[in-house]
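Shared chain: chain A. Partners: chain B in the first complex, chain C in the second.
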Partner chain A sequence: MNKIKNSPFFKLLSRLSVLIILFVVLALTTHNFIKLSNLTTILLQVAIYAVIAYGVTFVLIVGATDLSAGSVVGLAGIVSALLLRDYAVSPVMAIIAGLITGAVCGFLNGVCITYLKIIPFVATLGTSWIFRGVCQLIGDGQPVTIRSSENPTAAEFLKVLGSGRIGGFPVAAIVFIILGLALSVILSKTVLGRNIYATGSNQESARLSGINVRRTTIYAFIVCDVLAALGGVLITARLSSGQVSAGTGYELEGIAAAVIGGVSLMGGEGSIAGALIGALIMGMLRNGLNLNGINSYWQQIVIGAVLIFAVAFDLFQRRKVGT
Partner chain B sequence: MEKLLEMEHISKNFPGVKALDDINIDLYPGEVHALVGENGAGKSTLMKILNGVYQPDCGRILVGGKEVHISDTHAAHKLGINIVFQEFNLCNAISVSNNIFIGRHKHNKWGMVDDKWLYSETKKLMDYMRLDIDPNTILGELSVAEKQLVEIAKAISTNAKILVFDEPTSALTEKEIERLFEIIKTLCSEGCGIFYISHRMEELDSIADRITVLRDGQHIDTRNYKDMSRDDMIRMMVGRELNNQYPDFKRNIGAVILEIDRVFVPEQLDISGIQVREGEIVGFAGLCGAGRTETARAVFGADRAKEIQVKILGKPVKISTPKDAIEHGIGYLTDDRKQNGLALRLDVEKNINMTCYPMFLKNGLYSQRLADENARKYIDSINIKTPSIRQTVQNLSGGNQQKVVLSKWLSRETQILIFDEPTRGIDVGAKYEIYKLMNELSKKRKGIIMISSDLPEIIGMCDRVYVFCRGRVTGILSQSELSQERILRYAAGIDVR
Partner chain C sequence: MKRIFTLLLATSLLIGALSACGSSNPAPETEPAEEQSVQEETETLDTDTSTGKETIYAVFKDASSVFFAQMGAGAKAAAEELGYEIVIQNPASEAEIDKQISMVESAIEAEPIGMIVSCISSDALINSLAAVKEAGIPLTCTDAGDNEEHYDALYMTDCYQAAWDLCEFTCELIDYKGSIYLLNAVAGVQSCEQREQGFRECAKQYPEVEIINEWQDCDNDKTMAANMTLDMLTARDDDISAIVGLNENALMGVATAVDERGLDGEIVITGVDCSEDVQAYIRQGVINGSSSQDPYKMGYLAVYGIQQILDGEDLNHQVIDTGCAIVTKENIDNPEIQAVINP
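Then we have the complex of A and B:
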């Protein structure tokens, strides 16, 4: 039994059961929770956090942290919005440009950590200010709004991506579910994924096994920040406007969701499914508290407590197995 | 003479394992009581009970004739019991004196830590041990051996009457071991009793007064040390006759496969003229820090050298990362499997396959089935004892962990293998298995370098030995010339005539 309890699968199962219990409790106690419109709203709200949590998961598993993800959200959102508004670029190209912005940010983060050998916390703290600064510079501190009167196609496209629905199902939710599957495959079924786990678990041992740990780390950051950029694009789409302060604090939301989902800050442990479950737990909890009229101050306290409880539970489980 | 300590009928169960079964052991003042047994025999568990880390399921402990209850480490210290653990319990970022007196600081009249007292007490201790370490040195700046000595100083500083040394010499050089033994003898003459755990039988000869053998949690025998022959001891430990500590072999040596023409690092390494042939086991002997591991790591591309010239099968190759080395067919089993040999928190399969993940791609995706098959192949063929391939390797014993490391390189089928201290900290039975595996590899015409500080092992296994001293090769010995004395003289840099 102990063997099973220690396995990643058990960890995931315990998180899934928490999610289900939370769902059932909210369904039974909270008026309006189980309504289709409310559930799809949750998915829509969770979409951005989930996408960021996916990315953060890559970086956490490789044994690093990314404090700049929130700034990348803002920067990529502004880049896409500016291209749409001022340069009449097609919406698809604008999105791709946003994602490339994310890739460049991830590459810079990775280089700071692997070649300049700065610890990830400090390196990404530094880049988070740089990226946010660039974002405010090019946005001139103002929101970049795409008006349907000026850019009808772009505005329509953003509306579909941000808050559109297919058969009642939010497009943004479809994006993060398909993305989750694809990223899961990358993490568990490719050599890159294997290398990420090996590097995060013991970097030196991975290096001496012939794994290029620098390249692996840089790739993990590129994945993370491309996903953060996608989060930024989704926000811009939702608001039909690029905000220079968009994404502030989202890196911590992403880390929290990943950790609640069982991703280890020590590296080498965790999964995309876990990150998704973590994001859903947070999203559902917020929604349930809202519907019950609990104010946002109390919501913060509850979410913080859930985070601490989740980590304490893991440590307790590990100790029990350890002795 | 009154006994310092008696442990009577001690038993301890862990889920699924009987770790200790009715153990009786005692300790007199002034004696060194050696405790031997294979890994998992129960030595460490017994000592952890003595130190209050575990509570026994039944049995009692008497200190100075009085029954005591040792609820935790603190209680053990109060009773004058202290352990020098194998793993370091020191903090790298603070000074030597702060490490030694951690938790036992004295305050001056202002309520601040009394640094003068701290310094002078530590200085006294260093003088007593004849160590040349300034008490204000930050611990992280010390060598592994010096850290081990500080750990010992810390134990002595508690004025413990009952001291346990758990493999204290694995990181020490000959000279430091001698000094440690002098310290132990002084402690004994002052009335301390000492439990001494070691896998190195040679060193027991010079200090042990009595010996107790444990096997699978059972008490096998306790005797005066001089009444126990080496053969008896090994037989009791493994529970079967071991005719030879080293398996017989017949080598079929072929062409030169690896030539290390030059490795140069200013003021550290100046190596030239090392050759390894197919099917040959070449030993690197010498003291810690003589340049053996450093040479291996440079050849493997793990560390940079200022100048390096290596030929494989007669062709010069350029190696600047471990990846290059592996692609040229070199594998390196590191000297510290926990630090850099294994990813301890990953499972057996992920570790075994770590050198060759791309081999298991099928239609572009990683095939778990193929990967598992490969892992199982080695678990069966070299007999790795693990409940499943999904077990995390930190839960395996030292010998089995070492076999996982070996499997990593067998999977990759490298033609040249460098074994760095392959049997450090593993028990006699597992050692024998590792030796047999190395012989089998030499039969498959692989070229093998074995770095070892265990001289009998070097002599028992190697066809040729390069002896290192202060970053140079000071002697090359063929099988017929091998003797402990010769190796030691070269290793110490003394000319041999």
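Then we have the complex of A and C:
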């Protein structure tokens, strides 16, 4: 029985039940929550956070943290907006450029950690300032609007990605659902995925068993920051404008979603499905609080309490299994 | 070998970062942008080298805000006219009160001929501004001063009054009856709180106008503002007469959400601030009107205020309201409005 309780599957199930309970409670208590249009709106609202949470999950599982993800969101969003506004590139190219920006950021993070041997917390704190600084520098501290540029079709195209709907279903939600499936497969079925888990559980034994720990860590960071960059592109797309302050604090939002979804900060444990559930719990909670007209001060208190509760619950489970 | 490799990586990292900065220069090609990027550079270079002789130090609130960028442009223009160097500094966001305090303190050390400060918090900056006066430096404030009036002069928009006017404008558009959703930007910032108060007080005059929410802020995040607006629309079955965003971020988030919902034109949207994005939405008819302050004028007058003090005039802690205009689709192309929103 204890073995079952400690299994990742059980953990996921427990989070899923929290999500379902929250859903039922909100459906019963909150006017209009259960409406289809509201549920699809939640998916739209969650899209950006979910994508970032996926990425953060990779880094957490490999046993690191990425405090720069929020800055990567801003930087990638600004890069793609600038390309659209000033260089009139096609939207697809702008998106790809944004994602490449993320990949470079991830590579730099990974190198700082594996080769310069700076602990992830400090390394990514440093890069978070560098990336945000570069973002403000190239954006000149101002929103980069693509609305009134000579590129109106680009703005339209991006708007479909950012907030468009197909038969009422948000395009951004389709993106994060397909992405979630793909990343899940990568994490659980590929060599890279297994290496990431192994490195996170025990770096030393991973190294001894022939895994290239450095390369694995760098790959995890690249995945993380490419996803953060996608989050940035989605924000730019939704607002038709790049924001130099976009993504501020989103790294913590991503970490919180992952942790609520059962991803361990100690590494080696967690799943994309968990991160998605975590992001949905937070998104649903926010939506419910907003629908009930709860003021902003209380909202923060409630979300903080949920985070504490989720982690405490984990530790409680583990202790019970341990003794 | 390993050490050499590490060193190589470190240098390549540095080069990478520098080239990223370098490549940024050609990127911003718009009119006001050009000016400020130059200004930002002199700012970082000047900090160490300036003797403080002919230099004015300006400490504003937020490096990522259009508002303070325009204020900087105004201050710079005035300083050029008068032949002074100007160093403009901004904390990364309005949340960084401590950063602003230390910026003011280190500016005093540079012994400038005058200082301009926009206080993020009128309480927290009291001691710092007192120190500026103790050092005998002429001091003007823009946008917000300290509560003990250490400044020689304060150039600002009366936020309470501006919000009051905005409320009158909004209520007229909804025929003085209906529900209003009021979305603010950040908690703990004086101007935001005054706007909230001014708007709510004014709305009390009209018994049939109801503000449907308690304090709600979007944490200065447009995505968050859009999400909150979508939820409020859902909660009310899209039955809201007007939505008001009390700064650029809140207003853009509101407009984005209403646009996404396909309700543009059906719900009155008003707010504060007038960025390029807001202007586009005004022209499109999504935003009915936005109250625009004149940050350029604030920065400009603040430098001239310092000149007056240097000339021996006593400005006597006076507060100068630099005024406010509500920008609408009808008046957006008027030259006097253009001068304010696109200086």
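Here is the rule we go by: the second predicted complex is superposed on the first by the 321 of 323 C-alpha atoms of A that agree within 3 Å, B and C clash if a C-alpha of one lies under 4 Å from a C-alpha of the other, contacts with A are read in each partner's own complex, and residues count from 1 in each chain.
Everything that follows uses one rule, which is that a contact is a pair of C-beta atoms (placed from the backbone, for glycine too) under 8 Å apart; a residue touches a chain by one contact, two chains touch by 3 or more.
These figures come from a predicted structure and were not determined experimentally.
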Fit or clash between chain C and chain B when superposed on chain A: fit
Among the partners chain B and chain C, which is in contact with a greater number of residues of chain A? C
Considering only touches as defined above, state whether A:S209 meets chain B (first), chain C (second), both or neither. first
Could you say whether A:A182 touches chain B, chain C, both of them, or neither, answering first, second, both or neither? neither
If we overlay the two complexes on their shared chain A, which of chain B and chain C does A:I301 touch? Say first, second, both or neither. neither
So if I put the vertex at the Cα centre of chain A, how wide is the angle out to the Cα centres of chain B and chain C? Nearest 10 degrees is fine. 130
May I ask you to decide whether A:Y197 touches chain B, chain C, both, or neither, giving the answer as first, second, both or neither? first
Quick one: is A:G268 in contact with chain B, with chain C, with both, or with neither? Answer first, second, both or neither. first
Using only CA atoms and the superposition described at the top, report the least gap between chain B and chain C in Å. 10
Which residues of chain A are in contact with chain B in one complex and with chain C in the other? none
Going by the contact rule set out above, which residues of chain A touch chain C in the complex? 31-32, 35, 37-38, 41, 44-45, 48, 82, 86, 104, 108, 111-112, 115-116, 130, 132, 134, 136-143, 145, 147-148, 163, 235, 238-241, 243-246, 248-249, 286-287, 290-293, 295-297
Give every residue of chain C touching chain A within the complex, in rising order. 5-6, 9-10, 13, 16-17, 20-21, 24, 27-29, 32-33, 36-37, 40, 63-66, 69, 90, 92-93, 187, 212-217, 219-223, 226-228, 230-232, 234-235, 237, 248, 252, 256, 260, 275-277, 279-280
Which chain A residues qualify as touching chain B in the complex? 2-3, 6-7, 185, 188-191, 193-195, 197-198, 201-202, 204-212, 266, 268-269
Would you mind writing out the residues of chain B in touch with chain A in their complex? 15, 300, 302, 321-323, 325-327, 332, 334, 339-346, 350, 353-355, 357-358, 361, 365-366, 387-388, 390-392, 408, 412
